[in-house]
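Next come two complexes built around chain A: one with chain B, the other with chain C.
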Partner chain A sequence: MRDPFKYIFIWPAFLVVLMVGLFPLIYSLTVSFMSMRLVPPRPPRFVGLENYVDLLASDRFWDTIGTTLFVVIVSVTIQYVVGFAVALALHAKVPGERLFRVVFLFPMLMAPIAVALVGRMLFHSTVGPVNHFFTFLGFPNLPFLTDADWAIATIIAVEVWQWTPFVILLMLAGLQSLPQDVYEAADLENASAWQKFWGITFPMLLPVSAAVVFIRIIEAFKIMDTVFVLTGGGPGTSTETLTLFAYQEGFKKFNLGYTSALSFLFLLTVILFGIVYLVLIRPQVEKRI
Partner chain B sequence: MAGVSLTNISKAYGDVTVIDGLDLSIEDKEFVVLVGPSGCGKTTTLRMIGGLEVVTGGTVMIGDRDVTTLRPGLRNCSMVFQNYALYPHMSVRDNITYGMKVRGVDRAEMDRHVADAARILGLEPYLDRRPKHLSGGQRQRVAIGRAIVRNPDVFLFDEPLSNLDAKLRIEMRTEIKNLHRRLEATMVYVTHDQVEAMTMADRVVVMNQGVIEQAAEPITLYETPANMFVAAFIGAPSMNFLKATVAGGEGGLAVVLSDGTRLPIPAGRHARFGKLDGRPVVFGIRPEHMADGAQGPAVMQAMPTAIEPLGPHTLVVGHASSGEPLTAQVDAHTAAAPDRAMPITCMMEKMHLFDPDTGQAH
Partner chain C sequence: MRRVFLATASAAALTLAAGTAGAQCDPDFSGVTVTVGSQTGPFIASAMQMAGETWAEQTCGEVDVVEFPFGELYPKYLTAMLQNEATFDVITFAPAWTPDFAPYLSEMPAEIRQTEAWQDIAPVYRDRLMVWDGVHKSQTIDGDLHTLSYRTDLFSDPAEMAAFEAEYGYPLAAPESWDQYYDIAAFFTRPDDGLWGTAEAFRRGGQQFWFFFTHAASYTNHPDAPGCMFFHPETMEAQINNPGWLRALEDYIRSVEYSPPGALNFSSGDIRTAFAGGQVAMNFDWGDTGTISVDPAQSTVAGHVGSALTPGSDQIYNCLTGEWSQYDSVIRSPFMAFGGWQAAVPEASDDLQAAWHFIEWASNPENSLQAAITGGSGVNPYRFSHFETIDVWLGNFSQVEAEAYLGAQRGSLEAPNITLDMRLPGYFSYTEILEIELSRALAGDVEPQDALDAIAEGWDELTDEFGRDAQLAAYRASMGLPPM
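Showing the complex of A and B:
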């Protein structure tokens, strides 16, 4: 505190953060209290909380929240369960484990847009190989992308396919960091594989699990490319997520004030969900570290 | 409780054989310490008893049960690990009861066992703490507590005191020894510390390169080592070894060092060493069996390079006039000084002679 010279070193970094991080955020917050349209161009007009009130009164907004939450909760749950299971299998040194380890990471290394395009081809109602396969087995042609329920399920399937490798990678790293001797101690106690998993592995990896799930929740909320390419939010708006809703309002209708308000409500939703998650998980994690 | 019997045990990792044809019999209620340098196979042997390593060949018996192919949990062994191997997410109580929970022991019995173990090991105030809130010594007690409640046939200790500081190590050494007396259990204990081995064991097994060099009571190892390895390993500072020849002649039987120094062998030992007349030997003498100055007939010259006062006595570290390294334990108030030649008297009734080719004691 007595040496002002040190602040000279902090200010450049602080200014950069201010410019690239905080300024757009503050500008966007300001815009969210205005009516600002690019098409047709109108002078910005302060409207107070009108954009927020309109949004909160809109059924479409609540539908997109519901869709987003559903995709987030279901896809992250499946990613965690499948990812942890595969990590356990890889950690148990199954034959060909090195090859699997690399192959399982491929989907994560691909651009989401490419994954979504592949998904669209695979699940195409007439030319998609998935439907060919089902037809071959005697099932009727399934409306993977044209029926609301099937479309949501397909989006979740593609999300799971792409992001489970992330869970595998981190859980495997967690498993490899666990001490071996506690398992030997459990072996001497004649603990079964399930008892060792439930009594030792799972609780010891809970901090890693909590972090992995948290990262995936935040990322899953931002789902955009997959939905955009697979269904475009349809049929109707049945698979429209918050990001896609914002995109439609901002880049189709150029309704910037409304979109900014939507973005901030989106931010609030993510923060709220994140806080609830952390409040629930923290006591469990703290009990074990 | 039960004894342990290892018959013709071998262990190989791929092409590398670390233990080959090891035989060891441990009596019921015996405290046996396996000791040796790093990589000698002592921990592997212990782990093979516990089933944590699969034997490549041979038979492991615990009591009258052949456990060679049984998995660890069915051998009824408890093990205390070097790094404690406590479950970090569990309290002390849960750590101790984990095995009982796994086996489905009822709550009341678990509580009774925990109370007993906590009382014996002084863990009562810490039962609800987690391992990270305990000191090294307390963690080791928890690990021992976990072993006790199992009521095993054999206790296995894998260098359990290595991570403790010197003072705590001495305290825990005594505690484990008292525990053995109280539980009257069969205990197999691995250490690389020969002092730990000597102070705790009923019987010490000295191992080297996967082979048992000698298995005997501590005092036997010290007084009549079977070979140069055991002689050098047991005792601190280590025994001195000097090339020599046994020669008869006018002054009677004597050890003649390579520089010509003649150290007469006492008459009482002529019968034992007389047959070596004229043969080359390795003359072994412990530092504590040497004295400052010329106090008898067996005197050799030493050139000190360092003087190490230890309080009760002083170590003179240097070399003999033949150039071979030499350490002598002399009076605390010795006048010895570095680089000033001094006479050293050898207590020849305590000396050892070894075959220079095989290293075996004569």
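Showing the complex of A and C:
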């Protein structure tokens, strides 16, 4: 027999979760269908899908989607490749492996705003050591933060520097959990290092890889501090990401209805991208397991 | 007899004690806590705290300075005032927000405006920035305007002077016009020596547009057409794509040529370090370049810092006639970029009297001077007495540097054609459009006229969205023009 009393104890917790978790989302969704400005103050007005239509018709919105996707795809790909390679090296017990293991984690432990500030100084046109190095080699002074293409590349470089340690950490944990008997069997078959990697390590780590890349994709979509500090979204709007666009609309213009619609389109973009990624990766994971 | 003596002594002691207590609390605000909203310190917040401590000693009240990041100030203040909540007794804010805040602010008590200290405030603050719709709603607690800084070691070097005069046909000195500014900038641009002519803020989000406005003030703030600079004062049509603004943008873009590499990413902080580091021969900025570059701990050019008014022009575009006016001499139009922090008391405050008393105390000649000469307070001079007591400035400043610095500040404030910053509801919506297009023009992605046309179109759309009549009324009020 079902005990009705147990529900009395569950409902308060359920309501709290509902209030804390869902209410802000529902409120924000409601605001996204309204024209609500704090500056200059305007009484809220229901506008239906107007905010969404305006955004979808805005070149700036699509530009920020393009910029964000480019940064996400390129930076996460580099993070995964470099992170996996470093994890393999550390797992192979290279000399000084313990020191490297700690040192590699430093960037990840820093606040993103601090990492961005370090990046800004490194790539500074006149006092930055990166430009000093290139000019020493005879190259002209490079516009790392002021040319659109260079600026995007710089943002990606800083992202890779900060978040590759995260990939290293998880891939190394995955490598250490792999069973050794499989490698012993491969040794008996005289398998080469490449055959062991491609035939054993990579497929067995594919579920971990899929999870790591998925987490990094979701996190990379939220990039804000790095762009804000390095370029402020400029020149023009060429390095503006979705989150920075939302910040400008929400915290500089206080256009709350428009910003809420933008946030939901941002959420939709992340969900869609995540679904596409999972649909593509799932057969590979299932096939390799 | 002994009893009489004891009674007399006791009475005297009690009277003395009561008198001392009264003197300690003058006026007596015991039990009153004045809550002051401020941006996160040290700038401005430390000045408020400093004044709060002495105010507490004087009045027996308390001051609680509540700090928020700059970006959160506006919504926090506005939300509290819209809901008539006494969250803040005093708010410190940007003049650009005055149009939005004015309906919820109390009027400054008349007594404050009948003192000698009142007459000591520079008129451009006292009679213009502190007034909205003819009512005194706020008190300036910081002076802000752009002045020019230049390296006297270069400008006074006989070899440099001779070479410059030989090349340009007039003596090397602080530039009076923008044409001279670019001659000098070109002359000192020597990348092989690690020296460039000037540095300005070009970075989107790095106070960029205030530097552009300083250029534009010289060409668009027509003495005979008040309120003509940003919008047409009768139709509210954006003026930012007129020939005056075009010339200003072409100048602004030209500045990049004479700035250090990567200057497109310079914010105001970067141009201060560029000047203090000896990278550039001159720059223009708020008072901060002056105070930083005379400090040997922060500067390699300390002892060689000259100050002057920003350059002007002998041609100014008149938006009412649609023509340039030619003048016999250069007209200086110093720009009050940002305009300096203001303090005001919301109507909803629990204790208007104590709140206004605190503002009067914090901004009185003695306390404001102390704040102005304290590094990191963020307070720049705004009273005549700040300029007159030169001795207190002599620390990092040499006598010559201090006189030049204060002279440039005061000369700017007293310039007949001084230019006020735009103050309009939705200020940041307007400036965001401006910043994006400015960045594109600076990067060479669009032609200057196209960028200005796009800004004007965006500004006109915003004006229509916010209500043209309401915006026009606010704009005219901000420019000191009567209602239409």
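What we mean here is this: the second predicted complex is superposed on the first by the 288 of 289 C-alpha atoms of A that agree within 3 Å, B and C clash if a C-alpha of one lies under 4 Å from a C-alpha of the other, contacts with A are read in each partner's own complex, and residues count from 1 in each chain.
The rule is short, and it goes like this: a residue touches a chain if its C-beta (ideal position, glycine included) is under 8 Å from a C-beta of that chain, and two chains touch if they have at least 3 such contacts.
Given the structure is predicted, the values throughout are model-derived calculations rather than measurements.
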{"item": "Clash or fit, chain B versus chain C on superposed chain A", "value": "fit"}
{"item": "Partner chain(s) touched by A:Leu38 [first = chain B, second = chain C, both, neither]", "value": "second"}
{"item": "Which superposed partner A:Gly236 touches (first chain B, second chain C, both, neither)", "value": "second"}
{"item": "From chain A, separation angle of chain B and chain C (C-alpha centres, steps of 10 degrees)", "value": "150"}
{"item": "First, second, both or neither for A:Ala148, with chain B first and chain C second", "value": "second"}
{"item": "Most chain A residues touched (candidates chain B, chain C)", "value": "C"}
{"item": "Contacts of A:Asn190 with chain B and chain C, given as first, second, both or neither", "value": "first"}
{"item": "Partner chain in contact with A:Gly199 - chain B first, chain C second, else both or neither", "value": "first"}
{"item": "Shortest CA-CA distance in Å separating chain B from chain C in the superposed model", "value": "52"}
{"item": "Touching both chain C and chain B, counted on chain A across the two superposed complexes", "value": "none"}
{"item": "Chain C residues touching chain A - in the complex, by the definition given at the top", "value": "71-72, 74-75, 78-79, 82, 99-100, 203-206, 260-265, 274, 279, 425-429, 432, 436-437, 439-440, 442-443, 445, 466, 470"}
{"item": "Touching residues on chain A, where the partner in the complex is chain C", "value": "38-41, 124-126, 131, 141, 143-148, 228, 231-238, 248, 251-255"}
{"item": "Footprint of chain B on chain A - complex, ascending", "value": "179, 181-182, 184-192, 195, 199-200, 203-204, 206, 287-289"}
{"item": "Interfacial residue positions of chain B with respect to chain A in the complex", "value": "50-52, 71-75, 77-79, 81, 83, 85-89, 98-99, 101-103, 146, 150"}
